[in-house]
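Each of the next two complexes has chain A plus one other chain: chain B in the first, chain C in the second.
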Partner chain A sequence: MSRIYLARNPKVAARSIDGEMMIMSGRDSTLFTLNRTATILWQAADGATPLDEIVDHRICVEFEVERGEALQDAESLARELASHEILQISEQPIAASSTATPAAGSR
Partner chain B sequence: MSGIMDQMTAKALALNIPLSAHIDITYRCNERCVHCYLDHDDHGEMTTAEIKHLLDEMAEAGVFILTLSGGEIFLRKDFFEILEHARQLMFCVKLKTNAVLIREREAQRLKELHVESVQISIYSHRPEVHDAITLVPGSLKRSIDGIRMLKAQGLNVKIANVLMTQNMADYRGVRALAEELGVESTLDPTVTPMLDGNREPLNLGVNVDALRQVFRDESLVGNAEEFCAIPSAEGAPDLDATPCSAGHTACYVSPYGEVFPCVAFPYATGNVRRQRFADIWHHSEQMNEVRAIRVKDLTTCTSCTHVTSCSRCPGLAYLEGNMRGPSTQDCEKSFARTGVPSANMLAKKQRAAANLVQIRALPTLASASV
Partner chain C sequence: MPELTTEVERLSLVIEIGGMPVRVNTTDPGFVTMLQDRYAGYVLEANASEPGNAEIEFDVDLVVPTGGPDEDVRVTRSPDCWTVTRGDFHAEWSPSTRRGRIRQSANPYSIDAVLRIAHTLVLARQGGFLMHSASAIRNGRAFLFSGVSGAGKTTISRLAPPDATLLTDEISYVRKRGDGYVAYGTPFTGELAKIGENVSAPLATLYLLAKGPENRIDEVAPGEAARSVLANMLFFAEDEELVQATFHSAFEFASRVPVRRLTFVPDVRVWEMIR
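For the complex of A and B:
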C-alpha cells in the first residue's frame, strides 16, 4: 500500500476551544467540529509525516486499537475530511503552505 | 447562526472565551461620512509589530472570528502583512471597508488569503445621495467597482447600509443594486453618538414614523404582522440571561490598543500596549463589571413589555449615561415596531409631567401673599 500524506488546507479557519477543534470550510463557510481522532489527524497533518506514522505514534498510543484497523479507519476519516476541504491528501509529501500553521487555541 | 456556532458560543460563554474580536486597525479614512462616530486623526496607532503580537495573544486566548475594520483598513500600508499574519493564525477573518481602494490586485490577494467576507458600506444607489453622505465625489462608483472586483474573485461580499434622513428614500434602491451585484445587503437604522459622547450624529437618524414604515416593509422583515406583533405577556423573561455578547464572548480593540467590550460600547477596560490581552479579558475590573450584568440588573427594562424582544444595546445605554439603563434609540425602535411605548418612554413622560407640576406656585408663597 502506498503511503499518504496529509496537510491542513490553508483555506480553512480553525481554533481549538477547550480541546474541541472548530473548523470553518474555506469553500462555503460551513462549520465543523472535529472528534478526538479527527483532531489528532488535523494536528499531525504537517504535509511531511505519512499517515501510517501518525497512526503508529499518535492514534495507537492514544486509543487501544489494532494497527491495521486503525490505519484503515484513519485513511477513511482523512478522505472524508479532504472531501470537505479541511485536509489535503497526497501520495507525495506536501510542501508547507504559506497560510496553514497549527491552530492555537484556548486551554 | 449555525447549530455548531450556537454550541461553540455557549461553550465560550461558559468558559469565558472571547470567541470573536473586532480590531479597528486605523481611524484614518478616505471618506468623511456625515454620520461617522470617529475622530479620523492619527493619535498614535499600534505598529505592525504591536498588532501582530495582539493577534498572537488573541489566537492563544481562543478568538476565532476576527473582524478587521476602521477607519479605512486599506489606508494602512501594512494591511496585507497584518492580514497574512491573521490567516497564518487561522482566524476566520471578516473585513469592513468602503472598497474605494480595492482594485484587481487587492481583490486577488484577498482571495488568496481566504478572507471569510468583505462588508462594504453603500448608502444609496444614487451617486448624488451616497457621495453627499461620504463627502467624496465619485465614491459610489469606486465602491461599486471594488465590489465587482471582489465578486469576480468569488469572494463573499455584503453591502451594509445605514438608514438616515438623507437616504431614507433609497434603501430599496440599495437592495436592488445589491441584487444586481449578486451580494447580500443589510439595513441598520442605528446611528450612534461619537465615541467621545457627542450626540450630534443622532440628529441624522430617521424619526419614529419613518422607522414604522421600514418595519412594515415586508421585503425587509418578512411577515410584517408577525414582526410588529405586540410582545406576548406570557412567559417571564430569563432574568439571569446576559444582555448581549459584549464582554462575554466578544470584544473590541481600538487602533490605540484600548480594549472595550464592543465597538459600540466605549468603556475602557485596559490597553494591550501595557497589559496582556488575556489579562484584560479575564481580570479587568471594568470587563468583569460588564460581564456581571444580568437582565435582572437592568433598571427600567426589566419591567418593560419589550424586555424579551428588544434589541437594547448596552453600549448605547452606556453612552446615554447608564450601562444598566435603557437605550432610548432601541426603545424608539420597539415603539415604532409595535406601537407600544417602552417602560423608559412612559417613565420619561411621567417625569415630564412631574416637572410641569413643579412650576406651580408653592403653597407657602401662595399663603404668604394672602
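For the complex of A and C:
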C-alpha cells in the first residue's frame, strides 16, 4: 500500500485562536474552522511525515480509536481538505518550500 | 490661422476620509460641486494638499456608462495596477505611482464605490479596514456596532444621545495605531442618510448587535469574535496576498479590541450601557 504525504497549502491563511484553528482560502476567501482531527492533520502536514505516521503518533494517541479505522478516516478527511485546497496530497514527499507555516498567533 | 485646440481648465479637490487624502481631478465644474456637496466635511481645498501628498490621485473622465450600478463589482490586480469595474464605472490606478483614472458618468454614487474600494485596498496593507457597522464616540472613546442588515445599526445610531458623536450609521473606518485601533468618521451612510462627523477616537469596544427583550452585554468567545470581525469586514479583491493580510488583520483586531454581544431593546436606555 502506498504512503500518503500531506503539506499545508501556502496560499491559505491560518490562525489558531483559543484552540480553534481557522483557515481562509486565498482563492475565494472561504473561511473554514477545523475540528480537532483536521487541526492535527494541518499541524502535522509538513510534507515529509507520511499519513500513517501521523495517525500512529498523533491521532491514535489523542483518540482511543482502532488504527485501521483511524487511518481510513484520516485519509478521507485529508482528501476532503485537499478538495478545498487547504492541504496538498502526494504519494511522494512534498518539498518544504511549498508548504505553509502551521499557524500564526493565538489568543 | 485659427486655434485648433483650447486649453481646458483642470479642477481638483481632495476628499480626505480616515486621514487619507484622495485627490480628484476633473474638467467639469458641476461634478466638482456635486462632490463638494456629497462629501461635505471631508473635502479639503485642493491647495491644502500638494498633489504628491495624496494617497491616490484620480483623473475622472465623465462618460456615458455601459451598464448600471446593480452589476457585480470586480476588483483585480495586475503587477502594478488595480482595476475596479462595475457596470457604471471603470477605475484603475497604479500602487507605485499612486495615480489612476475613473471613467463614469457625473454622479456621486460611482465614485463613492471607487473610494470605498480604494480605501479598503490601501488599509488592508496597514492592518486597517472598513467594516459594516455603525460607530460613535462617547467620552473620548469610539464604539463600533456591527451586525447584518436589520440587526440594529440604524436603530442604535438613531437612539444615540446628544453627547455621542455619530461617526457613521453604516460603514466604519478603522485604522491601526500603535497597539490599538482608531475609528474615524465616514461619509458613507446607510438608512439614516446622515454623513458622519469627520473626527476620530481610540476604539474601545466592538459590539455585535442583536435586538432582544432586555438590554444586556455578553462576552463573546475569541473564535466567534474573530469570525464576526471577518464576516463584517468589507473586502473585494481577488488577490491572495490581500486576502491573507485581511485575515490576519481580523485576528489582530479581535485579539486587541474587546468584542461583546450587545442585545438591546430599541429605546434610549441602551446607551446607558455604552460609556
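Following the convention adopted for this analysis, the second predicted complex is superposed on the first by the 104 of 107 C-alpha atoms of A that agree within 3 Å, B and C clash if a C-alpha of one lies under 4 Å from a C-alpha of the other, contacts with A are read in each partner's own complex, and residues count from 1 in each chain.
Just so we're on the same page, a contact is a pair of C-beta atoms (placed from the backbone, for glycine too) under 8 Å apart; a residue touches a chain by one contact, two chains touch by 3 or more.
None of these values were measured; they are calculated from a predicted model.
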item	value
Side-by-side fit of chain B and chain C on chain A, or clash	clash
Partner chain(s) touched by A:Gln72 [first = chain B, second = chain C, both, neither]	neither
First (chain B), second (chain C), both or neither touched by A:Ser83	neither
Chain B versus chain C as contact partner of A:Gln92, first or second or both or neither	neither
Touching partner for A:Ile17 - first (chain B), second (chain C), both, neither	both
Which superposed partner A:Phe32 touches (first chain B, second chain C, both, neither)	first
Dominant contact partner of chain A by residue count, chain C or chain B	B
Set intersection of chain A contacts, chain C complex versus chain B complex	11-13, 15, 17-18, 20, 22, 24, 26, 29, 31, 33, 104-105, 107
Of chain B, residues touching chain A in the complex	2, 4-5, 7-8, 11-12, 15, 17, 19, 56, 59-64, 84, 87-93, 113-114, 116-117, 156
Partner chain B, residues of chain A touching it in the complex	10-18, 20, 22, 24, 26, 29-33, 98-101, 103-107
Residue numbers on chain C that touch chain A, as the complex places them	221-223, 226-227, 230, 235, 240-241, 243-244, 247-248, 251-252, 254-255
Interfacial residue positions of chain A with respect to chain C in the complex	11-13, 15, 17-18, 20, 22, 24-27, 29, 31, 33, 104-105, 107
